[in-house]
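What follows is a single structure, written as structure tokens, with notes after it.
To keep things simple, chains are lettered A, B, C and D as they appear, and every chain counts its residues starting from 1.
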Amino acid sequence: MSSFNAVRVRADIPALTRHINGRPITYLDSGASSLPPRSVIEAMDEYYRLRHANVHRGVYQTANEATDAYEGARAAVAQFLNAPGGAEGVVFTKNCTEAFNLLAKSWGVANLKDGDVVLLSEMEHHANIVPWFQLRESIALDIRFIPVTDDYELDLSNIQELLQGVKLLSLTAMSNVLGTINPVKDLAALAHAHGALVAIDASQSVGHMPTNLVDLDIDFMMFSGHKMLGPTGIGVFWTRPEILATMPPFLGGGGMIADVRTDGYTPATGFTRFEAGTPMIAEAVGLHAAIRYLEGLGLDNVHAHDQSLTVDAISRINHQFSGRVRIIGPTAHAQRGGVLSLDVEGVHPHDIAQVLDEIGVCVRPGHHCAKPLMRRFGLAATARASFGPYSLTLDTDVLLEGLQRAITFFG
Amino acid sequence: MSNLEELYKEIILDHYRTPRNRGELPPPASKTEGFNPLCGDELTVYLDVTDGVVSDIKITGHGCSISQASSSLMSVAVKGKTLAEVSEVLSKFKNMMTLEGEVVDLNDPSNREVLRSLGELAALQGVAKFPVRIKCATLAWNTLSQGLEEN
Amino acid sequence: MSSFNAVRVRADIPALTRHINGRPITYLDSGASSLPPRSVIEAMDEYYRLRHANVHRGVYQTANEATDAYEGARAAVAQFLNAPGGAEGVVFTKNCTEAFNLLAKSWGVANLKDGDVVLLSEMEHHANIVPWFQLRESIALDIRFIPVTDDYELDLSNIQELLQGVKLLSLTAMSNVLGTINPVKDLAALAHAHGALVAIDASQSVGHMPTNLVDLDIDFMMFSGHKMLGPTGIGVFWTRPEILATMPPFLGGGGMIADVRTDGYTPATGFTRFEAGTPMIAEAVGLHAAIRYLEGLGLDNVHAHDQSLTVDAISRINHQFSGRVRIIGPTAHAQRGGVLSLDVEGVHPHDIAQVLDEIGVCVRPGHHCAKPLMRRFGLAATARASFGPYSLTLDTDVLLEGLQRAITFFG
Amino acid sequence: MSNLEELYKEIILDHYRTPRNRGELPPPASKTEGFNPLCGDELTVYLDVTDGVVSDIKITGHGCSISQASSSLMSVAVKGKTLAEVSEVLSKFKNMMTLEGEVVDLNDPSNREVLRSLGELAALQGVAKFPVRIKCATLAWNTLSQGLEEN
């Protein structure tokens, strides 16, 4: 971890200079959205100040520069993921959610039929649930859920049976509620052995640990820029170029066509087919800068940093509030990310978050877009603290101070 | 008084810790469910309306201190009241809440009058300073409105 | 026009300080994408530096600020358009193209059936054509086109007949190729009298002339932020709240739900139903700043400015290159916007654009995503120059210099 | 030499103004269509291949000076050549074009050799400096490739 220094990262994040209610901000909501470093903000700023133009069809210099910037971002994403087939399989979307809709409504519509099984898990985000329910309105899909154990992990005891007849396993790499990191590579191999394709929701993992698509050997991946130090308004859908080539168009309009007549149209080939309309150019530039920044930190370092903060926070919470504060997520081992869902006996997550706000601590109360998981554990909400590469044990100190206040306040 | 103390007045904490009129009512009492999709708060309001009077009210559900206290305070405020009185308190309460984000100017005599007439309910006035919590405070009242409409 | 001064506007646009091949940039591609003023860039910058957080479910201060900024942008859009029903009918999309897909695949799927007629025009952008062809793959729609006259206007001679059985008239307010401004209000009244609803593509008009939805009395409007001095990655879909309330969900995921269970989901109501996933927060902030900036200029002034530049450019082109350079668009009257499609005899638009680039002039060669219109006039491409509020007659001077060069060069 | 003059060399302008081998060939000549969706350029390549030799070639279509000149130059370069020779010139040309954006280093003897062997075609080398125009220059060649494959 020699090259990684969270204090130095912190100095790169303008939003961490904020003071809230007289206290420096303690940002513990990176699981919802991360704070971009100066280099990301400045890259977009510079783009708008110098070279903004619409992409792809220009001949003049700034249009070429904008196109190079946009396509350069695509190449950077491919390299960042070590994507088989390179940039050809990278489609830019507005967020991870659109990427899942593209999966369900393009690949899914073309490849799934009545009775086919899609296997999800009980710890999925709504982004990886609702599009499948929507698809079921036209195709009689059998949507199954891998259960979650009382230890907050996938219950794989029945996995062979669950995988019978499965066409697609669509699974999160890391739960945004529990912090659980799932055994993606092993499950992908198992699913492939059953003839299924594998889609991975990397929203929580891609900015926090290394991703290597060649090694994982999966078929689809989707995530958002704003959870990996990048801007809002951009997400990524990745698939193998061979699969992409077979997918029918999704959103229609300019840019995704080869020809349009008054009697019909011919779609373009490759990723172009899936990028209708003027794309998120500045956002791609910002995402590229975020990737550069993360690569500079080293994703291994970021992951180790998350884990050390998490292990420390768990042991301090257990020590200081034993019995009173329950951590909804695995606590016993290192196979988890820096997401801590808290359940404080007798104090509602909203009230926790409110008391924490008073001293500048940002945590998120709610169901975290994972209602099936909340139901599984009989909870309506948790208060979730989550770390970023700029987080310090100092942040945990203030979190604990706030939890103590809330407990005292509500008695 | 800190912001927090303004939000969580003693009365609110009291109603949160010791909610009044908790429980269910058997039919023919009406039963209305309300929920706040953003935070997962859920509650059910049971209403017995006899001869134009809310003769009994009970509430179940879960939620934050504000939503719980607000529903408890609401139940006390409407129990035994005529429908006309209930509708008046409902509109006064909603008025107080829609001052979203603004601090009620207590030097304005008409505001003072409204708050006084709200009695204990006025304790919830601090919520208006916290726009995201307004939905918590109004959940019970919206559910009550709906229940009365269906009645 | 007292308050409007294009030279002062120009000073607000950082990208206009660029030099290309030793010449100051002459940006004549605002029809493809406009250049944002400093205030737009800085608003987004400030957002990321101070208050970035995910919206809607936070309790802490910056989450509230981000939510207020996002919802404030929605309110500003509604006010800008004078939208009946206010902010309730405003849905943010990633671009105008997504907005058209929302129209076709939510409203269209729910309201159109086999044999129903959708009436477009021959001058539509692919964004308002391809989604209807896509919809026709599942509903046997009759898609008709209002023809375009040799004078580059809608041919309304047969409009009564064309409107028979029409469920939706979907039309551009201003052609991005011809500059033609269509009589939206009159056509909307006519279409309503035939029982049709009316959707208007305001991509080219909304940043260039006043829009008043109460006065226009239409039912849907869609446009992009990046053509109205705003950022990339955001668009607007507007409809009356009563209509919105009847539209089924489109993209599914977090944020657009009231509840999700393992056996199904319940969508949220209002605009929330159509905003799946983390929205374009910074982009909404940028769009809001663009609206403020445009309101500061006065849209009447912007329109008058466009028109005076256009009238001047047309007369100078006709004078200097009579016979050699043809303007593909109306030239005789003032009912047109600042878009000039040029067809230079014997010189291909690509070559024009290349020669112009040599002296820093940015024009766009190509079919401008309007292939049916190009076919109508037997053209494969035009070289399009288009004005923004920062354009000056100086820009026309350099354009003419470049056209002369191109003609000399290619003989 | 200005950028423009480097792109639009005299040979290119000449082939643009006076395209060689323009027109159609009747069957049994093969007919292959190519188009560039981004800019609308379209062309059709007619090929007569007899005894392993491109005995005749004709081209119709429209496009910019680069695509027109390139197709004309291409027709001259392949007419009367054996399939083996054609495939060699094809790959040399594509190599020259894929130096995207880089200026060919003419001091490098191997580059000089390739360019010399390309003859007039080397005039198109300036296009590689203009990445968006590469598609214009390669359209005819890609269509030729496709036509030969189908033959």
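The rule is simple: a residue touches a chain if its C-beta (ideal position, glycine included) is under 8 Å from a C-beta of that chain, and two chains touch if they have at least 3 such contacts.
Model, not experiment: these values are computed from the prediction.
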item	value
Selected interface, C-D versus B-C, where C-beta contact pairs are more numerous	C-D
Gap in Å, rounded to a whole number, between the CA centres of chain C and chain B	46
Whole-Å gap separating chain A and chain C, where each centre is the average of the chain's CA atoms	31
Chain A and chain B: spacing of chain centres that average the CA atoms, whole Å	38
Chain B: positions in contact with at least two other chains	38-39, 133
Sites on chain C at which at least two other chains make contact	21, 57-59, 257, 259, 350, 354, 365-366, 371
Overall pattern in which the protein chains touch one another (line/ring/star/complete/other)	other
Touching pairs among all chains present in the structure	A-B, A-C, A-D, B-C, C-D
In the complex, chain B residues that touch chain A	2-4, 7-8, 13, 16-17, 38-42, 62-66, 68, 130, 133, 136
Contact set on chain A toward chain D in their complex	56-59, 64, 67-68, 257-259, 268
Complex contact set, residues of chain A against chain B	21, 347-351, 354-355, 358, 365-367, 371, 374, 380-381, 409-411
Of all residues in chain D, those that touch chain A in their complex	35, 37-39, 131-133
Chain A residues within the chain C interface of the complex	14-15, 18, 20-21, 25, 27, 29, 32-33, 35-36, 40-41, 44-45, 48-54, 57-63, 94-98, 100-101, 104, 122, 125-127, 129-131, 133-134, 145, 224, 226, 231-235, 249, 251-257, 259-262, 264-265, 276-283, 350, 353-354, 356-357, 360-366, 369, 371-372, 375
